[in-house]
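Look at the two complexes coming up: chain A is in both, with chain B in one and chain C in the other.
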Partner chain A sequence: MTATQIQSPRSGKISPQYRRSGASRGNFEMAAWLFMRLSGVVLVVLIFGHLFVNLLVGEGIHAIDFGFVAGKWADPFWQFWDLAMLWLAMLHGTNGVRTIINDYAEKDSSRFWLKAVLYAATAVIIILGTLVIFTFNPCPLDVNGIPLPGGFCPAA
Partner chain B sequence: MSAELAEPASKIELPAHIGGGGEIPTFDVTLRVRRYNPEVSEDATWDDFKVTMYGTDRVLDALHKVKWEIDGSVSFRRSCAHGVCGSDAMRINGRNRLACKTLLKDLDTTKPITVEPIKGLPVEKDLIVDMEPFFQSFREVMPFLINKGHEPTKERLQSAEDRERFDDTTKCILCAACTSSCPVFWTDGQYFGPAAIVNAHRFIFDSRDDAGDMRLEILNDKEGVWRCRTTFNCSEACPRGIQVTQAIAEVKQAILSRKI
Partner chain C sequence: MPTKPAGTLYRGREGMWSWVGHRITGVVIFFFLLVHVLDTSLVRVSPEAYTAVIGAYKNPLMALGETGLVAAIVFHAFNGLRIIAVDFWKKGAKYQRQMLWTVLALWVVVMVGFSIRHLSLALGGH
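Coming up: the complex of A and B.
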């Protein structure tokens, strides 16, 4: 007697097996979780302080021009403030998008490439921003030692 | 001896003025059931069944009526039918509930009542899903007492305060309503899921248990508690009213305070 073999029905998309690896991968996810909370709290202070100083104090929004920004970056306090804001906001945002990619990318290859693009963009913005904050010069000179045209520099 | 036997309470005729015994109102409901039969088609379809039900009936009664009187091929799980075994978790009107605890009169009966299998687990037929991934992660957190001390000759004593610490998470009936309501679990099914964390919580915070550190280490995984996004879907779905999201947060804090 030949019994008809009926395969156990499974709805293709999710395999019933967990693909989770047994080994724990350190504390990275915990650190990332903690960083999101801490950086979030610090960012609230930094961003609202930034908005208050730029938009409300003194002449408010009408005071913002090249000279205003140059003046702020001449002060190490505001250099540090903006640097902290840049790094924390970028890492906070990047970690958030990393989480979303991990959750929603369906294929390992698309997850890899999305994260590669994300990390590259983050690195470019953080490095460029840091360079700008530290190497900013309101009166750039040309090779002959003459201020470049543009009229930004009050001494020109 | 011919002592008169007392009539059982249920058989005593109540006088009319006491009330009760009146006819229970009936109403028509349309049950829209998600049907899937892999031996016929890979596609799932909706089937509508119109049934006349009583005001005291639950969704499970309507499903029984459909299966017993209209279409015997409708497949679903149920065991105790009284909210204890956790077999009949399903998605009713888009929300995870136990069919045996959901009264029809509490739903909008003017519109069809949709009944679907719980999401995120492979459907086997109609409302039956493969629970194996769910139980696999449940087993991984070692949901049993591990005690390194000598076995006592009597029971293991515990103060009322120590018992209270994990009381909420002892109520779990493993119906999978929480895990299958979790959007993170829906994405790839690799997340441990609320139910496994709840059952780990039940032993992590048990003063008689000695393996809390091991369980915390297991849940510190990439797919562990840190994937929780605190959307509270699980707390809302739990038919036993367990504060699932709070239990997950407590496990997160326990891991943090152990590492730092």
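Coming up: the complex of A and C.
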């Protein structure tokens, strides 16, 4: 008795024409799905910590000024915290908005242009934010080499 | 003949509305994030430029806006953890409704605490 063998859908032993994922697209969508969950868990910790330290401790929002930022970024711990938050939040948010564009923009050209604008904005914000964290100077100088008011300069 | 679908598990119920809430709060948070990186970048322009612009966050109307933003973040965070539980926990789909009510209860508790602390700091004194 030779009954037709019906393979399990996920075994990979199915005829190529029935495969749902084209070879070219790979597993990008699954990687994106997994990234949303992994980055989401990390972002809950990073953002709750950010809000607690910046808004709920001491004087709260009134303590935030140039000196507050200088104080935090003098410590590599907070530089890394903010860098991780920037990258993960921007990629998480960009992928979320990408999903929304795919859901609601029906024309191919609308989807293309909306995503082009989205990716350009993401690149600008991630690069700008990364540069700001790593090139921050607590004692910025004007064009004549004189310290700008409000900075924190070592005593000359 | 019924004019609208009746008796569905998803449409018009907790699953759908939590999805709607997750989308809307996500978009709000994303646009704030773009603005927030730009305002923070002013630390590379000058101390006075940064302190002046960040001063805009310290007026009473903005204090309410910040509370709304944090409300969006806390909902998105807790509901996101619920989504992870639905996807990865064996009984997640079965208990998704109970988990949504848990999310909302925790959201109320956290937001009451945050609002009291943040609004008294932002609106009081100074």
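We take it that the second predicted complex is superposed on the first by the 120 of 156 C-alpha atoms of A that agree within 3 Å, B and C clash if a C-alpha of one lies under 4 Å from a C-alpha of the other, contacts with A are read in each partner's own complex, and residues count from 1 in each chain.
Just so we're on the same page, a residue touches a chain if its C-beta (ideal position, glycine included) is under 8 Å from a C-beta of that chain, and two chains touch if they have at least 3 such contacts.
Bear in mind the structure is a predicted one, so any value in this text is a computation, not a measurement.
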**Message:** Comparing chain B against chain C, which has contacts with more of the residues in chain A?
**Reply:** C
**Message:** Just checking: does A:Ile61 make contact with chain B only, chain C only, both, or neither of them? Give me first, second, both or neither.
**Reply:** second
**Prompt:** Can A:Thr135 be said to touch chain B (first), chain C (second), both, or neither?
**Reply:** second
**Message:** After the superposition on A, what does A:Ser109 contact: first (chain B), second (chain C), both or neither?
**Reply:** neither
**Request:** Report for A:Asn144: first if it touches chain B alone, second if chain C alone, otherwise both or neither.
**Result:** neither
**Item:** Contacts on chain A seen with chain B and repeated with chain C across the two complexes
**Value:** none
**Item:** Touch list for chain A against partner chain C, complex
**Value:** 37, 40-41, 43-44, 47-48, 51, 55-56, 59-62, 64-67, 69-70, 86, 89-90, 93-94, 96-97, 100, 121, 125, 128-129, 131-132, 135-137, 140, 148-151
**Asked** Along chain A, where are the residues that touch chain B in the complex?
**Response** 6, 8-14, 16-20, 24-25, 27-30, 32-34, 103-104, 106
**Message:** Residue numbers of chain C touching chain A in their complex, please.
**Reply:** 23, 26-27, 29-30, 33-34, 37-38, 40-41, 43-44, 46-48, 50-51, 54, 57-58, 63, 66, 70, 73, 77, 80-81, 83-84, 87-88, 114, 117-118, 121-122, 126
**Fill in**
Within the complex, chain A is touched by chain B residues 36, 38-39, 42, 120-125, 130, 132-133, 136-137, 183-184, 187-190, 217-218, 220-224, 226-227, 252, 255-256, 259
